[in-house]
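Heads up, there are several structures right after this.
Shared between the two complexes below is chain A, which has chain B as its partner in the first and chain C in the second.
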Partner chain A sequence: MSQRMGNREGRWAWRLTGFMTLLVYIFMFAPIAATVVLSFNSSMFGGFPMTGFSLQWYGKLLGNEQVLAAFRTSLWIALMTAVVTTAIGIVSAFALTRFEFPGKQALSTLVILPALVPETILGVGLLVLIKAVDQPRTLMLLVLGHILLAVPYVVLVAQARMVGIRRVYEEAALSLGASRFSTFREVTLPLLIPAVVAGALLAFTISFDNTSASLFWRPAGVETMPTQILSMLKISISPEINALGTVMIVMTVGIPLIGGLILQSLTKLRKRREPKEEF
Partner chain B sequence: MPDTLQSTQTPRPVPAGADLSGNRATQPAVEFRDVEIAYGKFVAVRDFSLAIAKGSFVTLLGPSGCGKTTILRSIAGLVDITKGRISIGGRRVDDVPIYKRNIGLVFQSYALFPHKNVFDNVAFGLKYRNVSKAEIARKVGRALEMVRLPGSEKKLPSQLSGGQQQRIALARAIVFEPEVLLLDEPLSALDANMREEMRVEIKKIQRETGITAIFVTHDQEEALSMSDRIVVMNAGSIEQIGTPEEVYDTPATAFVADFLGKANMLAGKVSASTGTTATISLAAGQSATVVSPRPLAVGDAVTVVVRPQKLSVGKEQTSNHLSGRVLSTSYLGGSVIYEIDIGGGTMVRCHTAINGKPAREGEVIDLGFECDGCVLLDANGRRIS
Partner chain C sequence: MTKGWTLYDPRLAWMLVAPVLLLLVVFLLLPIAMMAVYTFFTFVTAGVEESTLTLANWREFLTDSYYHGFLLKTLRVGAMTAVICGVLGYFPAYFIWATSFKHKWMLLLLLIVPFWISFTIRTFSWINILGEQGVINVALLRMGIIDEPLRMLYTEFAVIVGLVHFLLPYMILNVYVSLESIDRTLIAAARSMGCTGAQAFREVTLPLSLPGLAAGLLLCFVLAAGSYVTPQLLGSGRDALFGNLIYDTIMGQLNWPMGATLSIVLFVVLGIFAAIYTRYMGMSQIVKGLGG
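Up next is the complex of A and B:
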């Protein structure tokens, strides 16, 4: 009897949970959906109601030299950040999981710290620093800044994977005569590939959509995609911005998604067939 | 063969560099001298001295945490020793990194490289030994034949069963003809049937190749069935070194007697002693006369160690008699194991062939054992010799 009561209560609890979840999702995705939907609006004004379907704002984007330059800049910075950050992340994750040394705990915390400091503070901090050493703001500085922002995340991802790689693989390779470097190249790195890919994508995304820190660090006259959007917003709310926003969304969501799919199909290929029965 | 207590050997403690190769004058394949291994303040292994003859199959046997795996890893170079020295083939290896030690290592978890196929796994060790491509292919092919998995070169480890993976791991460890093959509980991840099959297989391959093998296990059956020599370890020290027969029939300590085959330990006091026999009044109330290697002082506390298989049921013509109530009966088809309360809070196990109907729980039965069917331990748990 009491069980049936419990079941009824349980059902209502589930309904409520489901409803709340739905609300949360609507809250999270409605603004994104609005941007995407409005980017196809034919109206001159970047708001509802829709007056018709059109791709004209995307066409306009392609003709906008400033936007294209910002896109190229962002792409280049993101790629550089991804490559360098992944390399740093892999090496530090390896060191932090496989070796014992004094101050390891402190170092581990220090690597993660930039992720905990508010981005604006980091932005101002780096700016103050380069003023102090009397250096100009260059594109290279912007890349370095983005690396600073992305390293903690990539280290975390690589470290999580590294912990999962059992030490016996490396011990087996060493016992078979492979030097420590050969062991890393032949065994550890291939097993780390999922983390390498995930880390690179993460770094790319972090760099590509970074706004506040980039505002501090960019050299005069250089715009990245997010700063370009900001400066366009200062002039007017044009539907072109909705189109640009949609492109940003597609890039930052789509690239990790595609990466994940590629990775998944790779591992599937490896485990294509189930183990056969005992001989 | 009746075991005579007088003929037992293996003194304790083992002298430094004890030569286990018997009368062979060749250099030992692996030698430990006064090795100590400590992790910080915790001493995992102490005063470990052992010489392992070339071509022999030696098992390190003991409960988990006894230091057996630590010893194995120290040969491989995966653990640093804090005192003493280790030599492989006469070459001192304390400072030689693992990848220059030329050892074959087989892990409990197989540790096949999951991203490489069988061929690349087995060929891995050869790649670092200046072997030509054609020669690598030939050797890998031969090694796979040896482990009875020819033609599996293109498969990935995930496509193989546990037993198959362990065979490949074995092939990978022996293909480059290492000086010594180290096996770290290689069978414990396999199911029971596969385990027995692999036991025979490993032993056969070791014989064929003549490789020196050091095998670590906590399973006494594996140790007894595979080894030329068994090193029984407990709490970081050697308890006994000997052939399987020696350690089983004449355990040097109470620990060995208990760990190998759960021997019955009958506590008692010496009530009479001649030069060759001693009469013990047991704590359980009975008295037993057993062969004693030397005269014992009357009143000394001793323990009579009797294997469950040496206890017989019924009023037979054995020299010693016990009786007690059956606590449990485990029927095993061909034989039966009884747990019997013989009084004084003493429980004994009896493993015997079935003669007629097995006794039921609660029944009172007679037991007996021969005067030379047991071993005497002194008050410190050491064998009296």
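Up next is the complex of A and C:
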């Protein structure tokens, strides 16, 4: 009897869990869906009700020179950030997982700090520093700032992957006479490719998306995509912003998804070619 | 180059971490140290300060209740956001972990997708839900339930909704990672010893998932309390948080010493919460949660 009671309770608890999960997913995606739908609204005002289907806001967007300039700036900054952060992050993660050295623990903690300290504080800090040494705000500074913000994520992703790669492969290559550098290039790096791709994509999106810190660090007159959106929102909620949002969503969700799919099919191909290894 | 070096020589390790270390020192540690020094500088006029040392900024902060109000409100909003995220986030984390649904990677992927969508866009998209011409108001007006639009946008409620929306994936992933590390035979053992499902959950699953929940709560609290964009977009002037105060002090009033003081205050206050957390939980859970 009590068993059956328990089962019934359990079923209800499970249903409640499923229902709450559904609500949370709706909560997560409803605003995004509303934005995408509204971007096709023919109404002059950026809101409901829908008055008809139109692509005019996308057309207007294409002719908006400010938006295009901000887009190019952000793209350039994000590419630079992705390349540099991945390079320096991967070698750091390699050192942090493979080596024992004094101060390693402290360094591991220090590396994730930029992800935990609020951006406003990081933003002010860097500004105060360059004011103290009398340097101007430059694009280079903005890129280096973005690299700082992306480093924790790249290092963590690479470390997680590196822990799973047994060091015997590297040591075998070394004992067979390969140099350290060619061991890293021929053995470690190929095994790390998923972390490299994931880290680079992560660094790209962190930079492309960064708002608060960029507001502090950008040189006068330079707008990145997010700061451009913020200044457009200050004027009014126009349907053009919804169109811009939709373009950005398609881009930022589409690129990693396609990247992931390519990666998946690559590993599948490789698996088919090589016999499966078991430990 | 490696002659006379051992296989895992510390010197090589330092060479490998050098670029990241340099970056962290110059862009993270030095700025915070410089900021701490700036809190003792004298404010002359907008954009100008003297390096004459003074306690005036700290005195102003400690005696002016205007600042205390901001700090308390920020901590309150951060705490409310974290708790709501904890309550709402536990259900999906548990569901994804326990479900026998074949494509549960899709449910996980859907949680990661928001990280790819611009944070600014996710935040302003709430205007389309909560605004006067948003989904809720238009629907309720059409159905005749209300006569005039409800004021939801530009309130503290909207700010918290926006923050919860931004931080929920962090919470769900943290709890999920910690559920995933539970040895499932423990639950089977509890059941075979006569526990009901509810008891097994209360006595085994829930306690073992608490580290993830705690890490999620800390992360949500710190990120919410440090936010700038969300209150800016979804709140009115009265709903501004400490981050907005800092921004206005530096970029608006150009009072750099006071702005540095406020930044250090926020840094220390949030640091205390993080320190209490690591004292009891350690750093490893946060690392797992961030690394996904």
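The definition used in the following text is that the second predicted complex is superposed on the first by the 268 of 279 C-alpha atoms of A that agree within 3 Å, B and C clash if a C-alpha of one lies under 4 Å from a C-alpha of the other, contacts with A are read in each partner's own complex, and residues count from 1 in each chain.
Quick note on the criterion: contacts are C-beta pairs under 8 Å (C-beta built on N, C-alpha and C of every residue); 3 or more make two chains touch, one makes a residue touch a chain.
Just so you know, these numbers come straight off a predicted model, no measurement behind them.
Engineer: In the overlaid three-chain picture, which partner chain does A:190 touch, first (chain B) or second (chain C), both, or neither?
Structural biologist: So A:190 only meets chain B here.
Engineer: In the superposed arrangement, does A:205 touch chain B (first), chain C (second), both or neither?
Structural biologist: In the superposition, A:205 touches chain C alone.
Engineer: Can A:233 be said to touch chain B (first), chain C (second), both, or neither?
Structural biologist: Once the two structures are laid over each other on A, A:233 reaches chain C alone.
Engineer: Touch check for A:171: first (chain B), second (chain C), both, or neither?
Structural biologist: Both: A:171 reaches chain B and chain C.
Engineer: Between chain B and chain C, pick out the one touching the greater number of residues of chain A.
Structural biologist: Ranking chain B and chain C by residues of chain A touched puts C first.
Engineer: Can you list the residues of chain A that touch chain B in one structure and chain C in the other?
Structural biologist: Touching chain B in the first complex and chain C in the second, residues 171, 174, 179-180 of chain A appear in both lists.
Engineer: Please give the residue numbers of chain C that touch chain A in the complex, ascending.
Structural biologist: 2, 7-10, 12-14, 16-17, 19-21, 23-24, 27-32, 34-35, 38, 88-89, 91-92, 94-96, 98, 110-111, 113-122, 124-129, 131-135, 138, 142, 165, 168-169, 172, 196-198, 201, 219, 222-223, 225-229, 232-233, 243, 246-247, 250-251, 256, 259-260, 263, 266-267, 270, 274, 283, 286-287, 290-292
Engineer: Where on chain B is chain A touching in the complex?
Structural biologist: 76, 78, 97-105, 107, 109, 111-115, 124-125, 128-129, 148-149, 156, 158-161, 163-164, 172-173, 176, 194
Engineer: Quick one: in the complex, what on chain A touches chain B?
Structural biologist: 166, 168-169, 171-180, 182-183, 186-187, 190-191, 270-271, 273-279
Engineer: What residues on chain A touch chain C, complex-wise?
Structural biologist: 2-3, 6-7, 9-10, 13-14, 16-18, 20-21, 24-25, 27-32, 34-35, 38, 45-49, 88-89, 91-92, 94-96, 98-102, 104, 107, 109-122, 124-129, 131-132, 144-145, 147-148, 151-153, 155-157, 159-160, 171, 174, 179-180, 205, 208-209, 211-212, 215-216, 225-226, 229-230, 233, 237, 241-242, 245, 248-249, 252-253, 256
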